[in-house]
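Two complexes are shown next, each including chain A; its partner changes from chain B in the first to chain C in the second.
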Partner chain A sequence: MSRDIVIGAGLAGLCAALRLAQAGRPVTLVAKGAGGLGLSQGTIDILGYAPDRVFAPLDAVRAVASDHPYSGIGPDAVAASAAWLRDELGPELLVGDPGVNLHLPTALGSIRPTCLAQPSMVEGAVVGGRRYVVVGVRQLKDFSPELVAGNLARTPAPDGGAIEAHPAWIDLPARPGEADASGLTYARALDDVAFADAFAAAVAAVAGECDVVLLPAVLGLRRLGVWRQVSARVGRPVAEVPLQPPSVPGIRLYEALLGRLRAAGVRHVQGSLVTGFQAKDGRLRSVTVAAAGGPRELAAAHVVYAPGGFESGALAVDSYGTIAERLFGLPLTASSSPDLVGPDFWAPHRLFQVGVRTDAAGRPVDGEAAVYANLYAAGGLIAGAERWREKSGDGIAVATAVRAADAIIGGAA
Partner chain B sequence: MARRLTADVVVIGGGSTGAGVVRDAAMRGFSAVLVDRSDLGQGTTGRFHGLLHSGGRYVVSDPGSASECASENAILSRIQAPAIERTGGLFVAVPGDDPDYGDRFLAGARATGVPAREISVREALRREPRLNPGIVRAIEVEDASVDGWQLVWGAVNSAKAYGAQVLTYHPVTNIEVADGAVRVVRCHDQRRDEDVLIECRFVLNCAGPWAGQITELTGLPPVPVVPGRGIMIAMNHRLVNTVVNRLIYPADGDILVPVHTVSVIGTTDVKESDPDHLPIPAAEVQQMLDAGEELIPGFRQARAVHAWAGSRPLIKDDRVASDDTRHMSRGMAVVDHLARDGVQGLLTIGGGKLTTYRLMAEHIVDAMCDQLGESRACRTASEEIPYDGDAKHYTITHRLADREADRLDDQIICECELMSRSMFTDLLDAQPLSTLDDLRRQLRLGMGPCQGGFCASRAAGVAVTEQAVDAERASGLLRLFLRNRWIGLWPILHGDQVRQTAIDHWIYSGTFDIEHLPEPAEEVVR
Partner chain C sequence: MSKDEAKRLRERLNNELNRATLDHCVKCTICEQSCPVSAVTPLFSGPKFVGPQAERFRDGESVDHSVDYCSSCGTCSVVCPQGVKVAELNSLARAVMKAEHGIPVRDRLITQTTLMGRAMTPLAPVANAVLGNSAARRVMELAVGVAASAPMPTAHGQTLRGWLKKRPAPTKAPTRGPVIFFHGCAGAFFETEAAKAAIEVLEHLGFEVIVPEQGCCGLAEQSNGLFAQASDAVLKLVGQLRAPGTAAPVVSVAGSCGGMLKHEAHEILGLDDPDLADVGRRTRDISEFLMELYDAGELPTDFAPIPLRVPYHQPCQVRSQGMGMPAADLLRLIPELEVVESNAVCCGIAGTYGLKKEKYEIAQAVGKPLFDLVLELNEGLAACDTETCRWQIAKSTGVKTVHPIQLVHQAYGLGRLPGLG
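After this line comes the complex of A and B, so read on.
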């Protein structure tokens, strides 16, 4: 029997699979790896810079250029898709208003706009006049409270006010005798109530006078209330600051979405690369999956292709500078890289805006026509945005996933 | 008011030549000051392919250089073992190469004293399984891999132990000549924003491709230095574990050197006018990849991690066409400004190569002694340069063994290059004014596959935590480091390095929003 095939386990693939399954469709999610959420900051950006700091992301979405991924979607659909994801994950994991950006501190001490955030983060929202204490953990190398506090203190808050920030440290190995632990090791340790108590007590002892305590984003992986436990003990709001990968908040989102998918009956084939496809009369009939023992054919009613962009290898540049999409050989907005990157590190790099163009239903097009009547693209594959610069990757992923799923559900194909 | 110093000799240039010269001069009892406009080993010395020549490359084209390389290779392997990995080398002929060149090579090797021995193709392929299986001849030589920065720092630390002073980030602003002799070198201490005046008897101009700019400061006609630019590409991992050369008359892209965690293909040779602006043209990148493909099938599918361009300090030789830099004298040339310009106390050295840096130093210090009428013997060839720890030859597994030993007690800041936190903080403590790039050259911070993606922000954070810098400077240093990495990334942005670059951008721009830290009033540049 043909099922809807979703390729990719990043935010876009997970959202598309969930949405399709909730509509009662049989769905198989095929992914080579664990998706990109574990590499992300673990919030849902909609649009952070355009190019100036954005306070009302939906207004900015309305104003994007015509070749931007949001252009054919519009602010209402972007808002609805983000709200849908927020409500799917629930207030223990995602809160906020799609119309309003939060401005949260980063692990370098910059103030980053994002939209929906985990409740463990929102108290970090930078407000002038607030006093922050930034607490590092000696055994965790990815978070220097002196760097965070020093930069916050020299940065005007988005409301124009000044910020007071001071560093502090705790010394508490996640595993006895280990000087070098990743954020993930701490998160797992903090899933244990007794360790979390010890951690909270250590933070309380150094927090001093402040309004908010900023902590590295390692406050539990499976147990979502660790931040409340720490906050209660410290007697003040605490807020998590996302770290470089592995991202504990990102993995929380990934695991929560996987849980929702399983509950909705999605088949999940993990660790398998899609290596080929069969098409007839302008429609995909099946995809070929590399599996132990040999290739397997999965018959496809529809395919949502959400493999990511250059970071995943779905879009690739060979040693001659030729840009190509790996699986379907889809037409791209550019085919040769040398003129698309330049010597200025800070300038936009057009290479990373290359991708597929889609029709209004989200199907990759060659010229104006869909390449395959039942192939949809979602997420980082779609051309027109340098997502890390704009802070728009999550919103694009969710909105394009919902667009593709709803087109399939609505029978647009 | 300028800071005043007095010295017998001022050595200008902190590359390998200057480092060797200041050591040699100090060991002969001269009070010596080395000045450089930036950090040690930041010019040509840091921008080569990492080859310690056996001499094999020159046995046919330049027999004198071949003999010098052979003897210096043996000397450096003895006196600076920790900077050198005794990889051994192969010269291989691929299909289409002149098969008779091997005979001329072997004859040349015998004549020049370069150890060389033909081995079977089968044996060569056994040693280096990735080699082109179609190779028709293979000759083994004593090529080695050398860390130019370890070489320079070793020599400079030895010089300091003999009383020399080393002033980095001190560009020379003027050289004062009075009564036909050099009297004073003026520099500017950029970090303290302070003029420095050094009264001296002698100036040794070891500025390499910049030597012409230095002689111009004296008001003399510039020495005819012709920067010969070459590009190199570091490929991730060691595609080979011995140096592999093409068994042909020296040409472009005919050397592949395993250096630490990478292998480096080089190089090209293009005349340039300005050693401060060395492009990495796309056509030359393609040329190197093609050349690599001839030695190692599948080379183009391997991951290029970084590229750079260096500038040979060639002295113009009227017998060679002025645009043919490959065949300008690679031999060292000492310009005596007393004979040439009537100015006493000034010598300029050009040409040469990193492998012969010690010998170049010996020659120019000998020439200085001659002019001063003093007889002081050179001792640099016999005295080992002290390094921390044991004096064994470097091996690729050193750091892994170190990290396995301290894994519970220390943190790994740069996973690619296995640089620990204490390695970083110890050096930062000793050299607190360093940029992250200055530290990188000694520690290999950020030189692996991720090109700083995971370690550079950590390093900046540690520097603030250790109170070496404040958050503002740390942020400026981080920005500088990322900018500098990019110089060598964008010209080779293909294959897996595109994925890596995307992930690095997701981290720095995506998660950290680094571009919205407060704009520095002035970019940190040193």
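After this line comes the complex of A and C, so read on.
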């Protein structure tokens, strides 16, 4: 029996697999690793810079260049796909309006535009005239309240107003003897109600005069709503500020989506690279998975290819500067890298816009024609956006995953 | 442990191609997110720290000794998106450390699974009484370091081989080809019910089931750093499994041991043996085998309903075989059987890890979310593919834990699990 095969367990792969399974299709998700969602901020960016700060992302989506991944999709479909994901995950995990950007503080004290966020984060929105206290934990690494508060205080809010921010510290080890714990260790400790109470009491004691208390994003991994417990004790809104990986909010989204996939009957093959494929008459017949012991052929009705881009190795540059797509050898928007990387590190690099072009259904094309009638691309593989600069990677992933799944469900191929 | 062995292992660690994968590590922390051991104890500093972070900078020195607290569940390699052989290298680094610093007698004893089975079977009531006696277990803990509360296998008066000899010959002539049945040590001595159920299901489906004489796969020795002994054991087993022929599939009812044949003996012991590769290519977990039949439209699904909610746990060493979760998919074909996946990384026992007195508490903490789930949701039964994991779940929850094939066996009308209507 042929199944729909989704390759990749990042946001795009998870969304495509979920959407297909919910339509009653048999789906197998194959991924080499655990996907990148657990490394993310745990928010959904749609479009943050174009190139100036974006306040209304759908308006900016409407205005993208014709070779941008959003251009064939349009603001309505982008909004609908983001809203679908938000509603799938529910208001304990994701809230917001696809038409409005939030401006949330980062762990460096800069201000990051994003669209959908976790309810534990939204009170952190940087608004002129507000007073913030940033609370660090002595035994938690990589979160310095002086750095966060200092940078916030010297940065005008997106609305033009001035903000006030002060640092404070608490001293509360998550595990005895560990002076340099990761956010994950704290999140696991805060899943315990008693430890969360002690944490909340310590924060309340140092919060001082302020409107909002900013905390590192460690407020519980499996127990959602720890932030409410802390907020109630502190007597003020609190907001999580995402840390560098391991990212607790990102892991929350990954685990929630994976749970929904399995409940929808998706087969999940973990830790295995797809190494080859069989095709006939312009259609993929199967993909080859490097399972333990030997290769397995998985018969494919359709394939949604969501392997990411350069960061995952799906796209690679060899020592001659040749750019190639690893698995299907798909045609790319450029095949030679040397001219695409500029001398200025901070300037745009066209290399990172390289990827596959697709037709209106999301199928990689060679010229105008689909390479395979039943192969769809989603997420970071698609050409035309430097995602981290624009803050557009999540929105592109979700919108292109939904496009691919809906084309399959609708019988496009 | 000879000096030569230590030197040989050190050379492997320093020179193996796998070592180059350490440089693929981008420090993303995905392995740290998923490690079940560092999540519950500061005694293990985590797969990334001891592996790609520390190991690649060492030159002739043994790794951070906390690598001894790695349970070898293999999860770090499964989740790594960059293909770093974290678990394989950390297992090898631990073997080097043990070879250079000595292996406790306890670790040599608990790996002798076949010997234990042979010795205990004729003495089953006595052996069970001793292992069930808390004073005797406390003496064992003090003398050799096997935790007094850790799960121990139950001996049976009859081995699988004894059953095979005494049972009436199958009445149905085979309608499909032969399969070579791999039952593992537990299937031979301690967990014979799962092995019998698997044989009867395969025969019911029309296969000719060949059960060659077979020894231990060496997995327990491997995870205790006894690589030379493990290599001897697995190569001997490979010869035994090849004896009946080199065409038929090898179907395994021993979840983790199947993984030893498929990849661990090659990846961790470093065995580059064509016969091992041949057996690994032909080896299928029993659920994987049946789901391949199902996908090919060749599995009858005339299952009788089993109105039951059953928590199912996929062991870490079954997950790492890259075949998805075939047991859960298979059980879902049984009408009215509600399968609840544990979503737990590991039950804690990790072969022999949780038997050791200094690791027992860690193993229990690793397994706690699983035990809580089983306790909350079970209706008298849990399911799991690997023997020691079943003992761990049963011992820690008091809930009878069976191999998934035993539910399939009942659903085909071939028998009834005790206590199920």
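Following the convention adopted for this analysis, the second predicted complex is superposed on the first by the 413 of 413 C-alpha atoms of A that agree within 3 Å, B and C clash if a C-alpha of one lies under 4 Å from a C-alpha of the other, contacts with A are read in each partner's own complex, and residues count from 1 in each chain.
Going forward, a residue touches a chain if its C-beta (ideal position, glycine included) is under 8 Å from a C-beta of that chain, and two chains touch if they have at least 3 such contacts.
Not measured: the values here are computed from a predicted model.
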item	value
Combined model on chain A: chain C and chain B, fit or clash	fit
Partner chain in contact with A:P245 - chain B first, chain C second, else both or neither	both
Cα-centre angle that chain B and chain C span when viewed from chain A, reported as a multiple of 10 degrees	90
Which superposed partner A:G342 touches (first chain B, second chain C, both, neither)	first
Chain B versus chain C as contact partner of A:L39, first or second or both or neither	both
First, second, both or neither for A:G177, with chain B first and chain C second	both
Contacts of A:V78 with chain B and chain C, given as first, second, both or neither	neither
Partner chain in contact with A:S312 - chain B first, chain C second, else both or neither	both
In the superposition, chain B vs chain C on chain A residues touched	B
Touched partner set for A:S110, first chain B, second chain C, both or neither	first
Chain B and chain C, minimum CA distance [Å, superposed model]	5
Touching both chain C and chain B, counted on chain A across the two superposed complexes	39, 177-178, 245, 312-313
Contact set on chain A toward chain B in their complex	39-41, 48-49, 53, 106-112, 136, 139, 141-147, 149-151, 153-155, 177-180, 242-245, 247, 309-313, 316-321, 337-338, 341-343, 345-346, 349, 351-352, 387-389, 391, 393
Residues of chain B touching chain A in the complex	282, 286, 289, 300-301, 304, 407-413, 421, 454, 457-458, 460-462, 464-465, 467, 470-472, 474-475, 478, 482-483, 486-487, 490, 493-496, 498-499, 501-503, 505-507, 509-518
Partner chain A, residues of chain C touching it in the complex	28-30, 32-34, 39, 42, 77-83, 259, 261-263, 280-283, 295-297, 319-325, 329, 332, 341, 343
Complex contacts: residues of chain A adjacent to chain C	1, 3, 28, 31-36, 38-39, 175-178, 182, 184, 188, 245-246, 251, 259, 262, 265, 267-273, 289-294, 296, 299, 312-313
